[in-house]
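There's a structure below that I have some questions on.
Order as written gives the chain letters A, B, C and D; numbering starts at 1 within each chain.
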Amino acid sequence: MAHDKIEKSCEEAVADIGDGASVMVGGFSGRGTPSNLLLALRARGLKDLIIIRNDASGGWKNPIDIDILLEAGQVKKVVTCFAVFGSPKKISALEQAVLDGRTELELVPQGTLAERIRAGGAGIGAFYTPVGVGTLAAEGKEVRDIGGREMLLEHALTADFSLIKAHRSDRIGNLVYRRSTCNFNPHMAMAAKTTICEAENIVETGEIDPDLVMTPSIFVHRVVHVPRSAS
Amino acid sequence: MKEPLSREAMATRVGIELEDGFYVNLGIGMPMLVAEHILPGRRVLFQAENGVLGVGPYPSEDAIDPDLGNAGDQDITLVPGACTFDSIISFGMIVGGHLDVTVLGAFQVSAKGDLANWKLPQRTVGSYGGAMDLAVGAKRVIALMQHVTRDGDPRVVTSCSYPLTAPQCVSMIVTDLAVIDVLPEGLLLREVAPGWTAAEVQERTEAPLIVDRVKEWKTI
Amino acid sequence: MAHDKIEKSCEEAVADIGDGASVMVGGFSGRGTPSNLLLALRARGLKDLIIIRNDASGGWKNPIDIDILLEAGQVKKVVTCFAVFGSPKKISALEQAVLDGRTELELVPQGTLAERIRAGGAGIGAFYTPVGVGTLAAEGKEVRDIGGREMLLEHALTADFSLIKAHRSDRIGNLVYRRSTCNFNPHMAMAAKTTICEAENIVETGEIDPDLVMTPSIFVHRVVHVPRSAS
Amino acid sequence: MKEPLSREAMATRVGIELEDGFYVNLGIGMPMLVAEHILPGRRVLFQAENGVLGVGPYPSEDAIDPDLGNAGDQDITLVPGACTFDSIISFGMIVGGHLDVTVLGAFQVSAKGDLANWKLPQRTVGSYGGAMDLAVGAKRVIALMQHVTRDGDPRVVTSCSYPLTAPQCVSMIVTDLAVIDVLPEGLLLREVAPGWTAAEVQERTEAPLIVDRVKEWKTI
């Protein structure tokens, strides 16, 4: 329903994600991470997922993140900027999966990751950035002089689904984020065919001041109410 | 006497295409009339490319908010669920393929769906505005225009003589004489205005029309 | 002063703009347009300005816009998407200046204009967009297949100065916009070496909720208080 | 006995570089200490690349806001004038050249200012995080590190053997033994830690140092 995008449960909201789907997951460590949608996704028991996400290094303080999919062997490939812990003594779930040859890793500088996702959502096919020139991040990529500076050609990222989290949503999916939970969520919302949001609060449509909407409803297809106490 | 359809009737016909829950951008000029012709029970959110989603009716004189306008610089109101944003979000919405429909005015549309709507050939200078972005980005482009020019020249043409807004972007043409679908095999004459025949429409159309499936003008 | 960026007057705020400067001007017709900064700029009597601005078609309802610079013969070049009125009977100041050979015009599709300004502020050198392919906007530009779709290479825009307008600013230049006055202002703020903001309201630093800041203070160098009644 | 400087002393030295009104990003780890060593009367706004400008001190246990952290996932507070934003604004700030300074930890810095700080060579997998963006984007990059590894190997090297974060980006190196400017003509040894000589620092440095302008360690 276009006027009421509220789903009954996280399970229903992710019910049509299938094997091999590409899925963007919002959040930066635990802040802004849709943990309840991830639990519901894991319960589907899918295989060969492609996950696009800021961090996959074991969730720092976050008890539930994409590690639960990696540990369940459901992930074919991860596109991220944080793949391992700083200390070599602690092995992240992604690191282990990569070492075991179970999961492919595409490591992307954080700003380039954000920019590629934004490009995907905004219809931009590719862009030139100075970040990564002269490093391993440039391997296999076109380098070109743009205005006197060497830059890398980076391509847009899109996905079948985005799982995101918001502080507040109205019934048609206008979203508001709080403090540093915003991070990748607004641009992942734009870059997927279907965007599913876990929202801590639901208000009636019209209750959010039009100036304060951070993600317009056009980018959001399903919303699940998960109050903070339950998450 | 046989008359072409009124602007109101044309806007009403386009309104039928806008489904419940659609997000739609209406170009400056005649397309804006469509906002007043949404079918009962359907809720459509209108985008204005200057940074509004959820454009409402024009305000009464005493309800004008000077900070709030559409892309044609008209004062507007907002509907419940509306939001405002910057040009980057707005054109991300447009070029990123998020709008279900855009309705654009046109000078010419070609047999392949090429759109020309930004510049008269005799003028030295023109304005792109957001037309190129909308024509390329929206999931569906409906061109809304008079069937012929004031001089009687066809606007549905084999190939546009006016500078293009975007090639192969229009999927439906609504005029004061006809509804035409742009299909890979050519222009399908879908409906003719009441009282007009397919042959009369073809006479006023440069590009050849497929006329074996013509139906009555769709009404509410 | 970094903690207090408030200038005494529009005249002081634009005092170091010189001949030949490139200047971005925020707003969409009259909404969000820094009219008082434009008046102060005109009073400088400069020449050869390069103006980057959404519309230059005579200001619709807006009594004071970049026309005042064009009519004073101060503008060498305009980069815009609205150059003329829809009706050929009304000649805009820019159209007249172009016809007279006094001013050069670079016409850019609106979304591409926004995107080029954003790229300039974000350090992106250039990007590929599907907009403009197969039209006059593609003249002289590289066309390339990106992911199966033909796209144009478009380059970043930056400027020496941006003149913008906000609804509210604190003393260090955190900005809030209202309704449709936002438009090009936030991204022009990022794309200039020096960004000067005309703000309708000034509040103490700390009075704006951190979630509600639309342009972070880092992008704003000078602020002038011009209450709405005076503008 | 002659000791290298403490982490606190190193952070204090970097603090002197941060001028009143600067916007600064501090990398994860030792650079974060610098926030506590801003000179009196100077106000510096700290950015965290996860989307915060105006990072304040760590909160007391009962003042923790679970929605508010830095890029190292530590709980933080905000100072007056702070704001929060998405990753695109954050990296627009970083890559667009808006930050006055970034202070980054390092494994190695070369004579040309190449920085290596994201991956140990013996590890199969590493994390870029936001380091490449910061190294390329900030107006000035200060590398903060121990002068030698635990095994005593120099970290200021002729050419980095570790994978690069960015070439030719570091303009100043602060270690527990020295302050070094990266200049076009080479590495200028600007200051040595109290009690140490230029010769002793050169012994622990692979790259040649210019030693004709060495001054005392700058203090507040």
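The rule we apply is simple: a contact is a pair of C-beta atoms (placed from the backbone, for glycine too) under 8 Å apart; a residue touches a chain by one contact, two chains touch by 3 or more.
What you are looking at is a predicted structure, and each value in this text was computed from that prediction instead of being measured.
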| item | value |
| --- | --- |
| Of B-C and A-B, pair with higher C-beta contact tally | B-C |
| Whole-Å gap separating chain A and chain B, where each centre is the average of the chain's CA atoms | 35 |
| Chain centre separation (chain A, chain C; CA means) in Å | 33 |
| Approximate Å spacing (C-alpha centroids) for the pair chain A, chain D | 29 |
| Numbers and ranges of chain A residues touching at least 2 other chains | 115, 118, 122-124, 129-131, 177-179, 210-211 |
| Multi-chain contact sites of chain B, meaning residues that touch two or more partners | 84-85, 88, 91, 94-95, 136-137 |
| All chain pairs that touch each other | A-B, A-C, A-D, B-C, C-D |
| Sites on chain C touched by chain B in the complex | 28-31, 54, 57, 60-62, 81-86, 88, 94-95, 98-99, 105, 107-112, 114-115, 118, 129-137, 167, 177-187, 214 |
| Footprint of chain C on chain B - complex, ascending | 28-29, 48-52, 65-71, 73, 84-88, 90-91, 94-95, 120, 122-133, 136-137, 163-167 |
| Touching residues on chain C, where the partner in the complex is chain A | 115, 119, 122-131, 146-147, 149, 151, 155-156, 176-179, 210-212 |
| Residues of chain B that touch chain A when the two form their complex | 20-23, 43, 45, 47, 53-54, 78, 80-85, 88-89, 91-99, 136-137 |
| In the complex with chain D, residue positions of chain C that touch it | 1-3, 118, 120-124, 170-172, 174, 190, 205-206, 208, 210-211, 213, 216-219 |
